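Chains: A, B, C, D and E, in written order; residue numbering restarts at 1 for each.
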Amino acid sequence: MFDLDFSVIPANSSLLWEGMKMTFLLTGLAIVGGIVLGTFLALLRIAKVPVLAQIAAAYVNFFRSLPLILVIFWLFFLVPLILGRPVGAFSSVLVAFIMFEAAYYSEIIRAGINSVRPGQMAAARAIGLTYGQSMRYIVLPQAFRAMTPILLTQAIILFQDTSLVYVVGLRDFLVSAEIVANRDQKLVEMFLFVAVVYFAFCFTASMGVRFLQKRLAT
Amino acid sequence: DAGDSPTLQRIQERGVVSIGHRETSIPFSYIGENNEAVGYSIDLCLKIVEAIEEQLGGDKLEVRYVPVTGQTRIPLIANGTIDMECGSTTNNLTRQLQVEYLPTTFITGTKIASKVSSGITELEDMEGKIIGLAAGTTNEKAIKAAIESKGLDIKIVPVKDHSQGWLALETDRIDAYGSDDVLLYGLISKASDPSAYHVTGRYLSFDPYALMVQRNDSTFERLGRVTMAGLMRSGEMAEIYAKWFEPGPTKINMPLSDTLRTAFEIQALPE
Amino acid sequence: MNYNWDWGILFRDPYLGWIIQGLGWTLAISLLAWIIAFSLGSALGVFRTASSPVLRAFATTYVEIFRNIPLLVQLFLWYFVFPELLPDDWSRWVKRDMPFPALTTAVVAIGLYTASRVCEQVRSGIEAVGPGQRQAGRAIGMSEVQVYRYILLPNAYRIIIPPLTSEFLTIFKQSSLALTIGVVELTAMTRQIEEYTFQGFEAFTAATIVYSLVTFTVMAVMRQVDRRTALPGTFSKGAA
Amino acid sequence: MIEMKSVNKWYGKNFQVLKDCSLSVAKGEVIVVCGPSGSGKSTLIKTVNGLEPINSGEITVAGTSITAKSTNLDRMRSKIGMVFQNFELFPHMNVTDNIKLGQTKVLGRSPAEAETKALALLDRVGLAEQAHKYPSQLSGGQQQRVAIARGLAMEPMAMLFDEPTSALDPEMINEVLDVMVGLAKDGMTMMVVTHEMGFARKVADRVVFMDHGEIVEDATSQDFFGSPRSERAQEFLSKILNH
Amino acid sequence: MIEMKSVNKWYGKNFQVLKDCSLSVAKGEVIVVCGPSGSGKSTLIKTVNGLEPINSGEITVAGTSITAKSTNLDRMRSKIGMVFQNFELFPHMNVTDNIKLGQTKVLGRSPAEAETKALALLDRVGLAEQAHKYPSQLSGGQQQRVAIARGLAMEPMAMLFDEPTSALDPEMINEVLDVMVGLAKDGMTMMVVTHEMGFARKVADRVVFMDHGEIVEDATSQDFFGSPRSERAQEFLSKILNH
């Protein structure tokens, strides 16, 4: 058994807190960006815009076929080359997360749009709303409502996935914890701590999801 | 002035020097108590930064620290995100296809660490036992070669990094852990009971550490060499060494070895 | 960019062999973990929808614990912490004598983690089949077990082929985390190539291509499965 | 055959779906249950074979208590056929297999025997030619007739119907009602939730009217459609017969 | 008011849903369309406001072609009300907002003006008190009446109904039919797909019978329910009137 010494946690609280802020910032921005881009991709596919729909489908399948870590890696090295100047790890990682998550979000949103009965679109068109208005006022609000639980579940996955930013040297919560763990040889303590913290956050969120699900069901 | 050096031109343009550092290479390059990069290699790099400032006309340059990993250090040097890598990278010929190395700043070699109680002192004592090696390191290459050439029956367990290797040793998953001796001393110094472990045996390989800079930039490379030679000549090198190793803030105690002293003397080229 | 490209490295000895070997380990982890995830996840999915409150609570607790801790952390805990909680003999066996300790741990850890996600898919599939089917089965006198066996599960699996495919692909991609406890699978192999040769871009390109190829193959196969298993007169959903 | 005594059932704490319902159906009798939407008709009929548990009261079918703990409910259910509003055929099996499943898995008949029986029943409901189709390839009326055959295959003592025609297109209602009329004529004990008053008039021995979980009226078919009856039933009848 | 000339429509290459359908509805006329399931009734009625595009033929409403490319279809649709089988109220908006949406977004009325109109219409369909409820809190019959009010809010030249009562519980059918009868009496031009023959008898000027995508019969209501008519229509009527 181990002699556990949890004093490393308060001793390194500022580093860990910085990491936690990074985790939340990345998760938040990636969710917003991913949903915006994902909705756009989903709409291209639903509306069957010729060629664009196929490009959107190819995009989604491509990104879903890659491990996130490789996407982060590639964008980190390629974005500066494409732009011809360094963009900083944070920006490149954010772009990677948004592009990657958008592929997943677009599938969720597409399913959400499809779950809205076609009659709703017909009814909206029948009172003279344009296709765009019908999407905006009728179909999308319902799709998002139906999809909220799954969108949140995906957000929890994303929250856990942010630790992959270690490949580009960013420090999220998990990476910070590993730095502390390695520096002070306190691996067991830190991993237990990380497990508890993630569990607390994710469990709270998933309770929230369930609460929402119940509310939305009525 | 920057002359024909792309690195210097880049630095001049932005007024920023980017230093690539490791996060847990103790005591060469790691995140210190105040959450900033510190270490022996970092101090050396800061000397080079001073030389760059002088070369470019004396204006103070901003130093930007970019964390790197084993996977990112080469691509980041190649695409110019960092101007030099200040870590604990072994200089070898294959790697010289991708980067240029400045003079050797430290010499270590592969050894094994084990529990004192295990009675292991050399690789040959490990017949039928298990050794842990960090995947992809030069130590792994060296020990595998030694095992093969002697025809030993030793099981190899790959580990992700040194701290996990050490944890595997502490929990008896492995009987010995092989790595650069300096890292092994560092690991022992952090153990809950340092007296229970020892580093033993002969060197199974020699690993000279050096700072890395971009290829095809002889002007900048020369600036680095001149700086390092100057440090060695003036004895400043030994002082910086003492600051980190005799014993350093990380409790490592490794007085300057004769081999390294000789290396400093040889590399202290005259003006 | 100041980089010495050498694509030949990927086809040179021993590196080509490493990539193939790495892919082999990756597939082995994925498939073995999938067997655990699928069977345990299915059982848990049944529990979550069963009439017994005890079974439901058990499955719910399992899901909440396993999916709310990052896999990376779980792997570490299984590998380094779990054996220390066992009696000495067992601990020693788990750490040293059991075949392929790291691989086995990775398979179990990834399998148990993914089971929590498979469980949720199976549950949603069963719920999608609808309460009417359950009642119809009970009404002709079948027991609860028979209703699951002959009616709910065969229909639920058909419905969830696409999301299950995604889960399998997630396992395939997440198997790379096994490298954190020293399993030298595909990603670890490419890193090793990079450490030995410093030809990182080539190595990562190889990994990217191999991962995509496998994924696209699985997607294509599953689309066929989905089509084959689709019931006459209904539409298949198109895998993944 | 079916006896319900003071049956009470709550959903949650505050909502009582069934209020002190008592009812008895003799062997060979056909009972129609009607009433406004949400009045508890489906719940009532599902308590008869234990698909919905009750909170108090007693239900016996052919002398066996449905509510006693010692009763093997699965066994009992196999002796009571049930037909649902939405057919609930098993979508992954063809028509014959739908009818065979209960016979082989519950009654333990051999596949061959079950097949013979299935084909005979399909013939009886006029669907001999659809034996190898899947439910989704049939019209609603055909599906409901298969569902009836599936129930009959278990050789039940009684059949329960929960709005068997309300999910059907108007042209298909009669083909299902015709099968049910045939069953009634053959002496099957039946309890039918339906709004088809033509059917009730033609074959029901008694009509039970429910409202807000109560059995408001339980009368012979003649009496029910004749003059004296409760206000609520009157109002309901006027609504559904008016057009 | 509504003119259809030789309308043809295919789904895919092989399946023709509408076969050379011609029909005209005069201003103020009420037309009932009936026929077996799958005969193309819904498709036919949806072509009138362009919800279903056609392959050949011509459709004009109040002199404006629906099929011409130059027509602003959205504009035209706002002038033709439509009521669906499943109500299709917007579930995320309350009843008033459902009725206001088209008025504000399409007709550009001010929210206050739209609100006044909405409340007036709710009053007309007998639902003044439900103005702030959400669709899911209403019974089917109430929802369908809101849907009618939503259509009327656009002050349409004509109203299309696609089986407006077939998803309703029997007791609620009349409350919807009553509203529709009121509309007809007020002189609204209406095209109604329905199987409610009582309604057809009472208010339809003409009855159109479809089968397999063809308009088999187009007769005055008296003639249709009187003696001479096609065999197919006869058979259909016997099926749906028999019980």
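Simple rule for what comes next: a contact is a pair of C-beta atoms (placed from the backbone, for glycine too) under 8 Å apart; a residue touches a chain by one contact, two chains touch by 3 or more.
The structure displayed is predicted, hence computed values, not measured ones.
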Query - Chains contacting each of chain B and chain D, listed by label - result: C
Report summary line: Chains in contact with chain B and also with chain E, listed by label, are A
Query raised in the report: Higher C-beta contact count, A-B or A-E?
Result: A-E
Report task. With chain centres taken as the means of their Cα atoms, state the distance from chain C to chain D in Å. Result -> 45
Query raised in the report: Approximately how many whole Å separate the CA-defined centres of chain B and chain C?
Result: 38
Report summary line: Cα centroid separation, chain A vs chain D, in Å, comes to 50
Report summary line: Among all residues of chain D, those touching at least two other chains are none
Query raised in the report: When you check chain C against every other chain, which residues touch at least two of them?
Result: 1, 80, 84, 201
Report summary line: Touching at least 2 other chains, the residues of chain B are 71, 75, 79-80, 164, 167
Query - Chain-chain contacts as defined at top - result: A-B, A-C, A-E, B-C, C-D, D-E
**Report entry** Contact footprint of chain A on chain E as seen in their complex
**Finding:** 46, 49, 51, 74-82, 84, 86, 88-92, 101-102, 105-107, 136, 147, 150-151, 154
Report summary line: Touching chain A in the complex, chain B uses residues 23-24, 26, 30-31, 35, 66-69, 71-72, 75-76, 79-81, 161-164, 166-167, 187, 190-192
Query raised in the report: Which residues of chain C touch chain B in their complex?
Result: 1-4, 6, 80, 83-84, 92, 95-96, 101-102, 179-184, 188, 191-192, 194-201
**Report entry** Residues of chain D defined as touching chain E within the complex
**Finding:** 36-37, 139, 169-174, 177, 195-196, 198-199, 236, 239-240, 242-243
**Report entry** chain B to chain C touching residues, read off their complex
**Finding:** 70-71, 74-75, 77-80, 94-95, 97-99, 130, 135-137, 141, 157-160, 164, 167-168, 171-173, 214-217
